[in-house]
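Structures are listed in the sections that come next.
You will see chain A twice below: alongside chain B first, and alongside chain C after that.
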Partner chain A sequence: MRRPTASQARAPATVLALLLIVVLVLPPLLSAYWIDVLTAVAIYSVVALGLNLLMGRVGLVSLGQIAVLALGGWVAAKLAFATSIPFPLVLLIAGLITLVLGTLVGLPALRLSGLYLALITLMLAGAITVVLSTTNFPNGGPGFLGHTESSFGNPSVRRPDIAGSDPGYFRFTVIVAAAMFALALWHVRSRPGRAWAAIRQSEPAALAAGVNITLYKLWAWALASFMTGVAGGLLAGSVGKLYTYQFPTRDSIILLAVVLMGGIYSLWGAVVAGGLMKLLPALLDDWGLPADLLTILFGVGVLQVLLTAPGGLAAQVPKDLARLGGALSAVVRREAARAERAPTGPAPREPAQ
Partner chain B sequence: MIEITDLTVRFGGVTPLDGMTVTFDSGTCGLIGPNGAGKTTFFNVLSGFVRPAHGSVYAFGDDLLAMPHYKRARWGLRRTFQTEQAIEELSVADNVALAHEHSRRGSRVSRRADVLGALELVGLGVAPDVKVEALGTRDRRLVEIARAVVGRPRVVLLDEPAAGLPDEETEHLGRVIRGIPEYTGALAVLVDHDMSLVSACCEKTVVLDFGKLIAAGPTATVLRDENVVRAYLGTEPVRVER
Partner chain C sequence: MPSWQDFQPFIVAGLALGGVYALSGVGMVVLYRTTGVLNLAFGAVGAMGALIAWTLINTYGWPEGLAYLVCIAFGAAISLGYGLLAGPPLAGRDPLVKAAATLGLALILLGTMSWIWSDKARSMVLPTTTWRHEVGEVLINWTQILALALGVLITLTTAVFLRRTGLGTAMRALANDREITASLGVPVRRVEATTWVVSGALSGVAGLLLSNLVGLDAATLTFLVISSLAAALIARLRSLVVTLAAGIVIGLVNAVVTPIFSISPYRDMTPFVLAAVALLFLARHQQISFARRIT
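And now, the complex of A and B:
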């Protein structure tokens, strides 16, 4: 329904250029370590995207997203060891199965909201973690659970043939992540996005416009779960072997913090959140700073968002840059005007008004 | 036509609607009464936000109370709210498209034309792609009315659309409301405290007081009715004539 403005028409080109740089230019320049880190950033951006949609678009809080990620990882690992279907199909099926499981987790969202919903999802996440710590992740073992205790010579989760190397898998991950963002954008710009905006602002208004609130809330939950499930599959392929300790329940809380800091009202916020969650710790480590600093940084960051910058970094940085640009150009213009007024000799101390 | 029979709503010990029986025929009908008379409660019963203790509502032969609330909108029941509920995050056109795409009576092909038509009817002087958060109260009200008239609704409920608007804007609103029956073919019910707006828009008017119907008929007659005058001025308990 919207007539695209010039800047909106330019946006896809910018995104495409950025994507090409990340996929083609970046990998040869980086060491294996940073490739690994950036792969994790791309994966967690997708996880953040799920929560970004739930919170920013529909107004639902979930503290169980990392458990949903673990479910996706479990299903993908299981599929990778039990079948020989191509890896992209593994991702798709893992996403769809997680969609069903994650939507079950989201059922309380139909009755609850705010703090109670957050608590319920946190409890469910805890329960999933407990179950996973007894079943463990499939690692090529026998039976339905596919787990063997022997830690010697277990195979890794396979990767796609075209993306076996780390840089190759990084490219693959970025492209899948970009597809997830495109899926999210398509939803936000069309019928579900309009329905979600109505639900978030006023459920009576949404009902009066004929929006089936139950359907659209579940739809949001299903979409977020699907993405998170795909991310779980990407993670399985990235690290090769999954362990329960990689999915601590507290990571769901950290995810909430970084998603808020990244900004919940823009999809870019999810990219920023992925960076905060996985790139920032690696940078701190690289600079020899203690990792505990993160807790403080995230605490301050969330306070900042709640008090002064509800749009998070995704909204604040462009605003601040524009302000900075405005201030700089004002200085440049003033200097130019001064130079024009006094082409020879020094500028007058008090320019005439 | 909406036929309401013996409609009663109870909240604990309070009875905001008490055995309301009335028929709305066609065109725009006024619904007035002092504060707390049950006007908004009546709208909420029709929209499905409040479940009545007993009574029935048949609109054009369909049992409205048997439908889930979102399906009532699809059936063709639309409303505006006393405090406007235009969706801030969406553009003006998307606000209207929201109602259009969830109504069974508007086709996908005609959506753009229908949305622009509804915006033209309400006479909103801003571009369709402007976000609602940039608009003032008057324009938001008009967006909400456009959302209520798009996609050929059958019943349009307007809950105090003029509340808080200055006189010249109320005049514009009156012209918009008078245009609704012709544009949509719908039956409209207008709740407002502005009697000149009600007189200007409605041929017939129904008066509620303490949940009871105290008068119904041509607007000019109803406004002179001594029970109505007494209900508004509050001199003594009102005698109910049936």
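And now, the complex of A and C:
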């Protein structure tokens, strides 16, 4: 057992405090619009977390996560209308069904590696999008597809009884998202995380060390599918009515961009990614700037991350802050030294460095 | 079941679309083989070129031929610019990283396009569309013929070029090993730059043809690249002739099922399903654990 360092021991307390602030203090302060935005941020943080784990921990790239999200949303909406099981259970089952579907796809697809895996997920996402644009999402209609065209008076996907209001649902979403992050952290810190690290470094070496590569790759794939499926369920409850246009192919690419920009080697990167994807557009809109600027910014961000800063913002900002702090403290120290020397007459010459 | 007459116009449309898929597929395969970059911004480059041409013609009243040339030149220039800027720093990285970087370019172009031109649907009518022929009972216009002919012609020309010329040999050498090729004295950067120009010009041509055949709209054209990518993938990003055949088959299947109402809504799945099946079939002997790259 590794003994946690001081900063590691402090981290859970910081996270808990942050979580309490977000859940208890934020909702009364914000308008309904910003609560909606922050709910979306929490949901897309979970989606980003799935891709973050796949890319950062195992080195697998999926370009189809938004289609998986749509799949999770479909299943959750179907369950919510067809059954009367409690909403948290709906989320869990939606996650598990998405897990099974994701694993079924992953089993053959993981034979491909690198670029080809990314491309086949792009292809499958395209196929799922075409199917969903024909079947549409369940909205209380009859039959297996559960979709009815009459758009008047359709019920929304129900929410949990304790979290019917927007602030209530926001709290619910944040807690579920936190649970997903805890799940991810637990995986990363325990046996699967070590296996993934070995696989990412070198598959032959991992194999030689006795790591079951097939199992752990599939495990990561299944875990990401599960999280994304749960996020789909959260999204269904959040917006109430799902439509195909909420899941454009463009978003899969933007998700990849924000996950890279957020940083794939830290779970904080996923939180940053969720903010970049959902909070930033709302802010730009609020400031009256065109949202297209953001797409351009994400494009530049991807290039910047890939060319110069593989750790993304989650690694870059603390590093830059530390550098800034170092520079500031150097200035302060120099000033202090000068002030100390000042009363004793002319300053001695600086020793040549 | 619809009769033979119902299918005929869709066969023509499918062949034309397939020709463009093949054309873009060849542009992507040649670039990938030479530089290792799978250019996922191929569609976005062509779309922006076409939008520029549209504006030049409809707002500034430029002669059409000149505007089309500008479109193709834009494709070549922006591709070359990207190749010079991002190519060398990424040269030693994994193909996946290189492909992801082109997604950055795609996003930049996509954002710029929807900022400047908004998402309004436009239509571009090439002059060849007004020349029509009646073959049997089907009306064929020259743009459709041009699309298929260009697809076939460019595939064959490129294949011969790669076999017969010095530059083509250098490109094929690069496709095998960049380091060894460089140490043999081949000007690697110059060969790569040439490939970027050629591939970019092809994206401009594809953008022009698609904006006529499908419609001029930034997002649609950008993501049509996925269909041509399917053709390239079926050819394992390798064979030009297979890319041509796959492109035409994809275009044809996609269009021909249109009159069959039961599966018509799902016809846009064609490229994805064909590519997924082909990829999985080609990878059937690979182990998950020791996945070797099919390059």
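One rule holds for everything that comes next: the second predicted complex is superposed on the first by the 339 of 353 C-alpha atoms of A that agree within 3 Å, B and C clash if a C-alpha of one lies under 4 Å from a C-alpha of the other, contacts with A are read in each partner's own complex, and residues count from 1 in each chain.
One rule holds in what follows: a contact is a pair of C-beta atoms (placed from the backbone, for glycine too) under 8 Å apart; a residue touches a chain by one contact, two chains touch by 3 or more.
Everything quoted here is computed from the prediction, not taken from an experiment.
Once the two complexes are laid over each other on the shared chain, residue contacts for A:299 go to chain C alone; chain B is not touched.
In the superposed model, A:100 makes contact with neither chain B nor chain C. Once chain A of one complex is fitted onto chain A of the other, the partner contacts of A:194 are limited to chain B, with no touch recorded for chain C. Applying the stated contact rule after C-alpha superposition, one finds that A:16 touches neither chain B nor chain C.
By the touch criterion defined above, A:322 lies against neither chain B nor chain C after alignment on the C-alpha atoms of chain A. Contacts of A:89 after superposition: neither chain B nor chain C is touched.
By the touch criterion defined above, A:202 reaches chain B but does not reach chain C. More chain A residues lie in contact with C than with the other chain of the pair chain B and chain C. Once the two complexes are laid over each other on the shared chain, residue contacts for A:210 go to chain B alone; chain C is not touched. Residues 204, 207, 213 of chain A lie in contact with chain B in one complex and with chain C in the other.
Considering their complex, residues 1-3, 5, 191, 194-195, 197-198, 200-202, 204-205, 207-213 of chain A touch chain B.
On the chain A side of its complex with chain C, the touching residues are 61, 108-116, 118-120, 122-124, 126-127, 130-131, 134, 203-204, 207, 213-214, 217-218, 248-250, 253-254, 256-257, 260, 290, 292-303, 306-307. By the touch rule above, chain B contacts chain A in their complex via residues 47-49, 69-71, 73-74, 78-79, 81, 85-91, 93-94, 97-99, 101-103, 111-112, 115, 128-129, 147.
Those residues of chain C that touch chain A in the complex are listed here as 38, 86, 89-90, 93-97, 99-101, 103-112, 114-115, 219, 223, 226, 229-230, 233, 265-266, 268-269, 271-273, 275-276, 279-280, 283-284, 286-294.
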